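Below are two complexes that have chain A in common, paired first with chain B and then with chain C.
Moving on, here comes the complex of A and B:
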């Protein structure tokens, strides 16, 4: 019972911590190498960015957590990546095709691909992310059902594809289609206060970046490590799940995954991390 | 859940009597028995309860695991290698399944 009370008071503390007694703690001065391959965890911010330097969330985590990510063997997210490599070559759907049938070896065909999503999709007339690109292949090429949001295989496959871009600096091409207006919309969302706690993304991840909310060290809220292995859930956590979690924590109603609102936010937030290495599957608290 | 998949990392070769580091990781939910499903029914406990490592039939390391251990248990330990041979790792599931993995090492 005592444990349960502590959990409840911690949840309350997230709200209180925003207003009372903020403690500052700088991101660590450390460099990340995953199996000896150097990662860019600090990059000069793109023009028009509120920060001078964009910082990976890895710099804000505890030494033990950082060490798990630095060794791909220890990283439990890699178990899912390995499992997805099997899904990659398993035929599914009425066309009798697997991903491999068209794309061949994942490490060659998907190299660098995941670092540049969301991308403009002419057919849908909106940006799509890796999850929706996978679904598009499944429905149009394989004759398979699209994945349900946050299905275990969806997260694993997304992680597999992004992992092929490990170390590659992230960027989004805003000149494609109508991307710029989606970026604008995402920016609006980022700075709009929501929920009973009346918080916007920027309140924590920009204004209070580096501060502690109770035991949690606020990062810039970068997306370069998603899907991320979160120790709290002992599982891969997708970006849209994390978006929804943050919005829920402001005690607001949260939009559907892959909705226009969250897709615009993904476009904008990905831009905010321009230049950071893809770390998927990153390990976080 | 899918079949647990073990991963083991140890050097392919070593000098005689060298102390090597062995790392093991296995995918498993480690369902503690304390959680409830959406309908409020308790989810039965299902964990890996024992881990052992043998070298040429001789015990090197073993331990019992308890429900508080998180999903995907990771072990790292050291062993002295007196001769070429085979490391055998086994994990025992609550349902009686034994997951094993073997890896050879050569003493040069």
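Moving on, here comes the complex of A and C:
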């Protein structure tokens, strides 16, 4: 665990290493292995996709940031994953159960699971993501409170579960329930211009992909690394927080986390990344 | 503002900017009254010439134009972080007339068409769900626009 100390100097280096003017306008030609395990960072796009190839956000980050993600001992997000492994085994709520009581070893029971969310939930009659599945277990099985949006433990537990799918290609099953109409709705949102700046997701992540917007290198806005670890904030960042941040940056009101609108967006944007490996917790500046 | 990528404003800064834009001068042409003629706006929005030095400031200021979010130009070489979502602006003052530059800054979609990614800086044709604090407001004041136009005019080819 001693290697983790190097993160401090690395993060400092990133701040200093900022480029002046234009730099790195294209995604890098590099391959990602996390602890020696190969990740799919480029995949052929599914039919009906605006791009030929879908690209992981990792390809758009600075060399230092990429290196931190490639080594799970340096990735500070892994400390949260380890912390969540303890929560996994700790009983909570009136039923006196922990996640482990029902699911056993997380690395066996949750292997590959996170790569296929959002999923249709018959009870709720809508798609749910990992965060809401965790809440469902907490309220229905454990007699515990649902997590507050973006509670530290919610982000850590989500990262723990997604991390059990590290390397696994993402896919969503649109044949379940009414998933297709949620996909349609998410697509509408993706192409709708919002706010005083009058910009849509597609204006930045499709039309301007690979360009710089001030200091930021615009990626395809893929979800495969979430929750991601942000060096600048020294914390995990959830997907709905990121969605809301992007919408807020257009100077628009942003929808509630886990609202129908953002859940539909999650279904659609996850589909846009079909075939990319889960990289949770990916590292971002 | 936590995860925001901060290429535009932070909340507090945004408020400051709006207070500026909000205090419209009575003599200014209102956003909906700006006359576009063949993709040009010939009249100054304030009735006065702009100040190019103030325009250079507004151009780079993240609270105002933040034009560097999307454009490069050698005149701003000393600034960090130029974006390239839009074209390089070197020579823009030679390629375009002052009236065309004013039209571009006021409402780029009137010049480049509805699919343009460039925001309208003195326009009320905006996207859905505009945040409450920006309702009915333009990104820039008439004075800011005139200043920026005066700056753009100086970006001549060698």
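Definition applied: the second predicted complex is superposed on the first by the 261 of 285 C-alpha atoms of A that agree within 3 Å, B and C clash if a C-alpha of one lies under 4 Å from a C-alpha of the other, contacts with A are read in each partner's own complex, and residues count from 1 in each chain.
We take it that a contact is a pair of C-beta atoms (placed from the backbone, for glycine too) under 8 Å apart; a residue touches a chain by one contact, two chains touch by 3 or more.
If you're wondering where the values come from, they're calculated on a predicted model, not measured in any experiment.
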Partner chain(s) touched by A:185 [first = chain B, second = chain C, both, neither]: neither
Touched partner set for A:49, first chain B, second chain C, both or neither: neither
First, second, both or neither for A:203, with chain B first and chain C second: second
Partner chain in contact with A:73 - chain B first, chain C second, else both or neither: first
Partner chain in contact with A:234 - chain B first, chain C second, else both or neither: first
Which of chain B and chain C A:193 touches, first, second, both or neither: second
In the superposition, chain B vs chain C on chain A residues touched: C
Which of chain B and chain C A:250 touches, first, second, both or neither: second
First (chain B), second (chain C), both or neither touched by A:213: second
Residues of chain A that touch chain B when the two form their complex: 73-74, 76, 79, 82-83, 231, 234-235
Residues of chain C touching chain A in the complex: 1-8, 14, 62, 66, 68-70, 72, 77, 80-85, 117, 119-120, 125-132, 134, 137, 139
Interface residues, chain B side, partner chain A - complex: 2, 5, 7, 9, 23, 25, 27, 30, 70-72, 74
In the complex, chain A residues that touch chain C: 18-22, 25, 192-200, 203, 207-208, 211-216, 218, 230, 233, 237, 241-242, 244-246, 248-253
